[in-house]
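So, here come the structures, one by one.
You will see chain A twice below: alongside chain B first, and alongside chain C after that.
Showing the complex of A and B:
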């Protein structure tokens, strides 16, 4: 029933797709982390106007489908002079989409830190930057690990959408094999397993970091 | 510099929007004095204390720390404006607060909680900071807990660490904002003991507290606050034994009834 030779014959195609998916996700997620941090910094340091712009950014990128966003940029972009390769649109698109989510996760992490902790820092004479470095950022990251892992898993899965703008990633590779061989089950089963393995890896890494960094934070302080 | 008062309040007022919580308070606190502030909830006592280290801004009047105007600068026209952070930090460099909720940093060990601010604010090396931190932890009897985290300690121990953290900065003035209110009754004593030792060493202390017995025992002066003004003040014997104002009489008798009730179970 299953023809596994189909998979072994096309192993190199699948592996190239997998490698590209990993690359795009890794870059997209790193940029999302940076972007999310910058967004939050932008929101908190420039007053009311920047908070409003932040809200617009977040609601737009969280409130429209990722598919629509990359469609607009990849197919609509050339009409207004934005002509980038599919890979670039994919990475940047993933980063912009992810940034909106990551920024909100960071915001929740910062707001979970009690005001008293910040007041103690100020009372002892720490500057704002010192407080940020010593008190806020380490705790924010620790508290954010579980939601960040969840969102990262979602981003890895969302990256399959990039097949639609012809990025030759994992999904595209599986579709090509299916189209050429007229076999559906084998390539898509392997595809599902591959995403599952990737996201499992992310979750496990997250679990490990959670154990390592949050052991003292769950307590009643 | 000691001919200045430690803290001087001149007709201080503070509002949140239309709601005035501090309605013109003047107060002189000398170096080495222990002043307790008592009063019901909503009397403005915590707000007043928080104005003294500028965690709260004040709208009118002046607060002088060692003779220096706190938090504001006088412009040429006499109008005041917010002082730069650096100047306020400078004015407050000898003032430390101990909070009701301890406010230790949960991601750092006890030792780091005390030592890291020394590294950052006093520019000590890591080793010097830790040495000085250990001395303070010994002073509050918690040197053996140096490597543990705040969440592993009891409330009373956490509060003693918070006191050690403040002491490490070598303040001349310490503010205590209901330091025992969040503690289980059996843990109150250990914190009061540390505070009593401090007062005997000559630390200038301003204490907002519900521990009347303690206030009576350590204070040079007791202030009774009601509705944002000083309703009555004086030496403890006078305030607790011969209260003049009806509100203070009422406050003290309610307090006595309640402590009697809690003793009856």
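Showing the complex of A and C:
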């Protein structure tokens, strides 16, 4: 039967793991958003060579598993002088992995804006910065919210992979409880419920943002 | 992945093995996306 006392006895371990998961995800996702924006700016502003480098980055980070990337940096890094803690590798790894996806989402959002709108903005006498600020970014942001939320949910779930490199996050906490108590059902069920609650929170926040940012636009995404 | 993990830890050469795994996964995903693109053009032309 389900033993509730096991969960209440280890509540502090689980809560500490949850807090670290939230911290790592928040930092990783914020850095991913910044990285994605910078990658797109790098691609758009600096000619052909930068587009090629952008393609290589996106192909490599989207084409290889997150686990391989983390292993390579955490276990391979010290051999080439990159000796970071597991938490730092986790946050940076999550940010680099996520920024490849976010950059592609931003690119799709920009390319979805019709050329006619940019020409109309130019005819109205808007400068390049004004066009970007008043025409491109609001529409791009509104279009990007649903895929951004989807990718954020994926990143939250991918953060459980960090338990492999000994980051003491939620997955590690549940594994520790399961190993110490020989009870599999309780800790992993609580673990699944915690991840579900986290992803539900992210998707609710995304829906709220979507409603808020699309109500002033004629565009309904 | 498991094979690579075992080899990397027994040989103490993580960079070589994980890099190889990365390249192999990359080739697999690229091949899958190429097949997808080929199917897409084939369906569109049909």
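Quick note on the criterion: the second predicted complex is superposed on the first by the 214 of 221 C-alpha atoms of A that agree within 3 Å, B and C clash if a C-alpha of one lies under 4 Å from a C-alpha of the other, contacts with A are read in each partner's own complex, and residues count from 1 in each chain.
Just so we're on the same page, a contact is a pair of C-beta atoms (placed from the backbone, for glycine too) under 8 Å apart; a residue touches a chain by one contact, two chains touch by 3 or more.
Quick caveat, the model's predicted, so the values are computed rather than measured.
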item	value
Touching partner for A:85 - first (chain B), second (chain C), both, neither	neither
Touching partner for A:126 - first (chain B), second (chain C), both, neither	first
Partner chain(s) touched by A:116 [first = chain B, second = chain C, both, neither]	first
Touching partner for A:138 - first (chain B), second (chain C), both, neither	first
Partner chain(s) touched by A:12 [first = chain B, second = chain C, both, neither]	neither
Which of chain B and chain C A:76 touches, first, second, both or neither	second
Touching partner for A:67 - first (chain B), second (chain C), both, neither	second
Comparison of chain B and chain C by chain A residues contacted	B
Touch list for chain B against partner chain A, complex	53, 55, 85, 89, 92-93, 95-97, 99, 101-107, 116-117, 120-121, 149-152, 158, 162, 165-166, 169
Residues of chain C touching chain A in the complex	1, 5, 8, 14-15, 18-19, 21-22, 25-26, 29-30
Chain B contact footprint on chain A (complex, rising order)	114, 116-117, 119-128, 130, 134-135, 138-139, 142, 216-217, 219-221
Residues of chain A defined as touching chain C within the complex	59-60, 62-65, 67-69, 71-72, 75-76, 79-80
